[in-house]
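Listed after this line are the structures, all set down as structure tokens.
Across the two complexes that follow, chain A remains constant while its partner is chain B and subsequently chain C.
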Partner chain A sequence: MAPATRIECDVLVVGGGMAGATAALAAREAGARVVMARKSPGSTGLSGGAVSVAQDPACMPDAPFAARSGVVESARRIAATRPGHPYQLLRDRLDRLWNAVEFATGQFSSVLAPPTGRNRWLLTPFGHAHPAAACQRTMAAGDLAEVRGTLLVCGFEGHLGWDPGLVASGAVRVEPLGGPRPRAVLLDLFRWEEGALGKPFDLARLLEAPGAAEEAGKVLKRVLVRGDAAAVLPPVLGIDPAARVQERIAAEAGIPVAEFLSDLPSVPGLRMHRAIEARLAAAGVEVLGGEVRGGAGPDLPAAVGGREVVARSWVLASGRFVGGGIERRGELREAVLGLPVQASEGPFADPSIRFAARPSATLTLADSRAPQALLAAGLRVDGDLHPLDAEGRVVHPRVFAAGAVVGGHDPASDGTGMGVAIFTGWLAGRAAAGRGA
Partner chain B sequence: MAGPAHQEGYDVVVLGGGVNGAGVARDCAMRGLSVLLLEKRDLACGASGASSGMIHGGIRYMTSDRNVTALASRDAGYIRHIAPHLTFRIPFLLPFATQEEGSRLLDRVTWYATEVYVGTYDLFQPLKGGKPSVRLSPDELYRLEPGLRPGLHGAVTLDEWGIDGQRLCLLNALSAVDHGADVRTWTEATSLVREQGRVVAVRFRDAVTGEHGEARAGVVVNATGGWSPGFGRSNGFPVPMRPGKGVHLSLDRRHGNYGIICTAVDGRQMFLMPHEMESIIGTTDDDFFGNPDDLDATADEVAYLVDGAASLVPSVREARITRAWWGVRTTLFEYGVEEDDLSRDHRIYDHAADGSAGLLSFVGGKLASYRAQAEELADRVVALVGKGVKPCRTHEVPLPGGDEVPSPRDLAARHGIAEVVAARLVYRHGSLAWEVLRLADEDPRMKLVLCRDEGILAAEVAWIARHERVRRLQDLRRRCRLALGGCGGLDCARPAAQIVARELGWDADRLRAELADLLEAGWRERRAVLDGWQLAEEELLRAVHRGLGGL
Partner chain C sequence: MSKARSYAWLAWRAVVPHPLRALRRRGTGEERFLASYATEGLAPTSLEARADAEAASGCISCGLCESACTLRGAIPAIRSLGLHAAFRLCGKSDEMLAHAATELSACATCTGCEPLCPTGVPITRLVRALAARAAALDAARRDNPTQDR
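Entry: the complex of A and B
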């Protein structure tokens, strides 16, 4: 067999989700030659369209608009109240959090709307209002804090996937706090078998077909009444942003139109994934598909998808359990370099407690709403995002970690997952390229 | 306190919606008695729903309780007759682990004893329509089950029947309703009313509506299983019992096509077996004297089961465990005996001597002989009621849907659905599968497949909500295994909840509460087994339900 082609570069980023992409692009911007190793789309590709950075922890769930403080201020409060959270670890650098958010949303501006500095409140399929520092362009018009008057919440007559009454209940709960009055309707769409039994991707494709968005706009227009200020629809308004499905429906109906957030399978997640790929290509990041094998760290060859990569710095942005950066096979370990997993939340935020080999029953609590140490487990890092070994020493001065692979927070549910990914990715990418924050 | 909302009289009030309670309710109703069944949660929430899902003859009890084996084998045959769609054959392999045949006296004795043992069991097989055992050479054994560890010296086979224990309870309750019984789930018996040494009425509370009620009763049957000792204590009558906690693990798929009998670290017999769409490892057996509502699976129990199964099938260590589930056996009381050696026989206690005439408690028994147990219990009820009634016919009248097993291929072709989905529908609903699919013909949206693990159609969820006494969303865990598979409800929970809400008229707040309740039940079963891909799945579930759903 011919020897693998060797690539020498400044920075190897492991992982291609939001953290890895932000790190790669930040390092690229700093002038570094960057290679990204990515085995498959991770959890960013499954996300629902929101970029959640921080919600004020003092804000009650049934009073979201009470949180008038900005996103960065909310992150500072999390840093002050959540021992072990990455925001606390990086508390002295939170003044740069917004730079990172603006950087990432700017890089992915093909799908992401410009952030405003405060949270937008977006409806979800579950009847919940979800805070997001940024969101996809197709969703911005559904911000409950902005819509005045009646918000039309739409489902499809022909499809059981979304219940507009349930979705609208998320707005009912915040209406007394200054949100819009929701009105749930079923649009007479997808009433034939191809649509009725379609998965979200199938519906998104159907709406991309010539004339389909205009047809949907006409159907929407027919149900409008005086006072309707905006309409939200299921998150299937096209996969390709160039198809402009949401804009075409809005133009035809003559009303602002937005998608609500998506659960799985997620059309907005696929859209985000594609935007990341396009941006990485345009920025000159070399993306290699495959797992990193035999990599021992900086300056040493690592095999990736038939190539051999030697990098001066490494950024581990390999995600948590879905991404595969942290895995548990009887015990918890980091997958690429075999680093110890020793950061978590609650009682296990104490770095002196070794919990990686404990049974899962002892790392979880019976009440699923409680913080779950197992779901918050990841690498322990120092304030420069260097992973630490079992003795608390820096593993390597040019190895950095970013995103969900870093422990101490529950990216799945604590509302800071994307924010941590962007902030740590941005910091790690710049540091790996030799630029301080 | 306000008086009871309504007061009605029944010949018999049955407490407990497990297989014994539902079975005796059906039997009494079919004999012409007026019946009320009260169940504090849903049907099959206790041991009946947490059993191994077999109507086996109980080969394990042959040496000590041969009458249990005979009763179970005969009744298994009847159950196959009244619910043919709900049973399926599970061929078991009992491998020999000895070094070399005939090498030592002890090995020879083990071989011989096993053959005699299984050979004796063969005498019971015709009663339940089972096949006689076969002795397999090592070559034959490894051809059938290549995943077995090397070095085994053949096996004998055992033929057993699997069943869905939850639906078995449901079908008995539905049949009881068809014969005029009132069945109230999520309704807890709060106290018994006594007059002159007789139990004359039961007070109850509806957990969903909060409504209180009282039912006059000729006879009260206490079939509350693991809850019996506690219920007895708070109502002034003793129920002798040695309750035993049993834990099972489910794997995300069928790990093989044969059940494997293994030996656990403490020498107990246990098994790894394919069951419906998954494989099950079971079971533990430990004394348990707490409230069954507080149970959880522990790390020890999970390790015990995995180690035992891996001793013969090493690849089980790499398998994805989707959940750990548990129940409380109601074994008969004995002092100074190991859990495993307790009798699986059953007993009916008449509490007249405790100052509670007209109250019967049922203890012990097996799922496989539930029908015979119910018949015996109904005989006792009839004797106490002292009323001329019809004879027992529960062994010959099919349970709902059990009159015919449609061909899944026909069903699939006729209605344009996948054959694998049709097969699951037929398995759960028997001849009623045609009725379920009528909904899909009226509304094409109803052909949406909500769950790929179980092949659950939207139409099935709607039909179950209308016809199968659903009061809470979590009832669908037991009706069609909603959110029990590998995805834990990631795909199916919300759309299914939406359909149930529409059928039952729930508003959005109720829907969200029900969804949260369903998901919490799943979390409790998964938290002891989160490893490998199941842990990744949990992260997704949490992102969607907690993060996005705010549940």
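Entry: the complex of A and C
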């Protein structure tokens, strides 16, 4: 390989999702020269708009307001009750969790609202109230714990995408516990020929056009009645935050307006993706597209997208099954360095069982509430986020792991996915840059 | 007695007509396979096709790729069930591929969709491969019009 393509840097971050981006920016803040290698944006583009860090494990799903403890306190309770969870491994450092959350929300402040220290309760498209330590700016006004009076839940007349009645049922459940009274309405917008099949990002672009958000605000104002305190709309209020679609609608209608959380394809996910791209570029992180090949670890050359990268430290933030950090080639293994994959909950938590080679059908249980070993599979790490090999030894003192590639939690369902990504990313990025947490 | 006769018949077939027919064969194995099976929508699986099918299996149907597709914005017919559903046809019979041929050939392979794919599916490569397969299938049909249904 020609010498011109060789890059020497302090930190190589493998993966460009929330964990990788947080690690890269934290290392950059600590003064390191950072290169990020990524083959795809990972599951961050699938984000529904909530940044879930920790939900009180004592809180019943149908009684969310029963949990009033703060986010960090909830994380401590998870650490005390979930052996193998990253919060449990990092329990001595949980006092820094909030620093990490504030760091990440500050880095992506173009789309994320400042966190309050407690969970906001946001409506999902499927009739639930979801706790989130942070959320996108367009969603903050829809916090069920804050809205007093009637919450107007809107859908679009003739559009097949969202059912305001179903969305509102998530608020019906918490109304007796002090939440707002929901009222579902259909707004007469987007009635063009193929309106019923318009994709969320099509609607978002339409609303960004001059005058379109004001027109939507007028339509919303016509359905308002006395006592309406706020309105939540489908998550299509513009892709570009600079278009200020939500504020324009709210100004025209005269009440606070918010989005509810998104399903797929997700406009908030696209927004997050763009915010990460912009922040990485502004912070001076060099982003290389492509898979890491032939990399054996720190101080050794790794081929990435036609370049050769030699880094003093590595941060593996390569994700799990969606991002491709954990793959199955005969058996489950970590994709970049070939590290062993282990389960940390369920019947396979015993490290003497060779978990990774078992057929995948034996790693899941029919009971949806039972621990699913496959969904929590990943690298085992020590308290400094160093990946461990099959014998439990540190693989390399300057290799760190962050985000979903770390096992012990299920990012899709246990309500700590983004929190783990941000916390481990922040710690790993600082450690890789040579700055202890 | 009839058993002995059957074995004798099989032995004669194996020793005389079968080797003679092998001498008369024309074309490569792949061409003979296509002549027999292409019209039934069965194509031989090459190593590249297998790699393509594996890459396509990374699709989680999230639809993010469509948001960056300029073609989709320009041609309404591609709106709801088009290009970005087409590469899921990788592992399917060619019969289904024929229905997506228009969308596949319309793709300008601008690669705008690829940076958005969460699982890194090489969408442009797959669309190119599928378009080539659709064209080959079409050509095979035209060569063998009598076998068309």
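The rule we apply is simple: the second predicted complex is superposed on the first by the 425 of 437 C-alpha atoms of A that agree within 3 Å, B and C clash if a C-alpha of one lies under 4 Å from a C-alpha of the other, contacts with A are read in each partner's own complex, and residues count from 1 in each chain.
Here, contacts are C-beta pairs under 8 Å (C-beta built on N, C-alpha and C of every residue); 3 or more make two chains touch, one makes a residue touch a chain.
If you're wondering where the values come from, they're calculated on a predicted model, not measured in any experiment.
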Overlaying the two complexes on chain A, which is it for chain B and chain C: clash or fit? clash
Tell me the contact category for A:V322 with respect to chain B and chain C: first, second, both or neither. both
Touch test for A:F201: chain B only (first), chain C only (second), both, or neither? second
First (chain B), second (chain C), both or neither: which does A:D410 touch? first
May I ask you to decide whether A:T364 touches chain B, chain C, both, or neither, giving the answer as first, second, both or neither? first
Which of the two partners, first being chain B and second being chain C, lies in contact with A:L264: first, second, both, or neither? both
So, does A:S43 touch the first partner chain B, the second partner chain C, both, or neither? both
Between chain B and chain C, more residues of chain A are touched by B
Once the two structures are superposed, pull the chain A residues common to the chain B and chain C interfaces. 43, 46, 197, 264, 322, 324
Considering the complex alone, what residue numbers of chain A touch chain C? 39-46, 194, 197, 199, 201, 264-266, 269-270, 273, 289, 322-324
Contact set on chain C toward chain A in their complex: 58, 60-64, 66-67, 76, 79-80, 115-120
Residues of chain A touching chain B in the complex: 43, 46-48, 52, 61, 124-130, 158-161, 163, 165-166, 168-169, 172, 192-193, 196-197, 261, 263-264, 320-322, 324, 327-330, 359-362, 364-366, 368-369, 372, 374-375, 410-415, 417
Using the touch definition up top, name the residues of chain B that touch chain A in the complex. 296-299, 302-303, 444-449, 458, 490-491, 494-495, 498-499, 501-502, 507-509, 511-512, 515, 519-520, 523-524, 527-532, 535-536, 538-540, 542-551
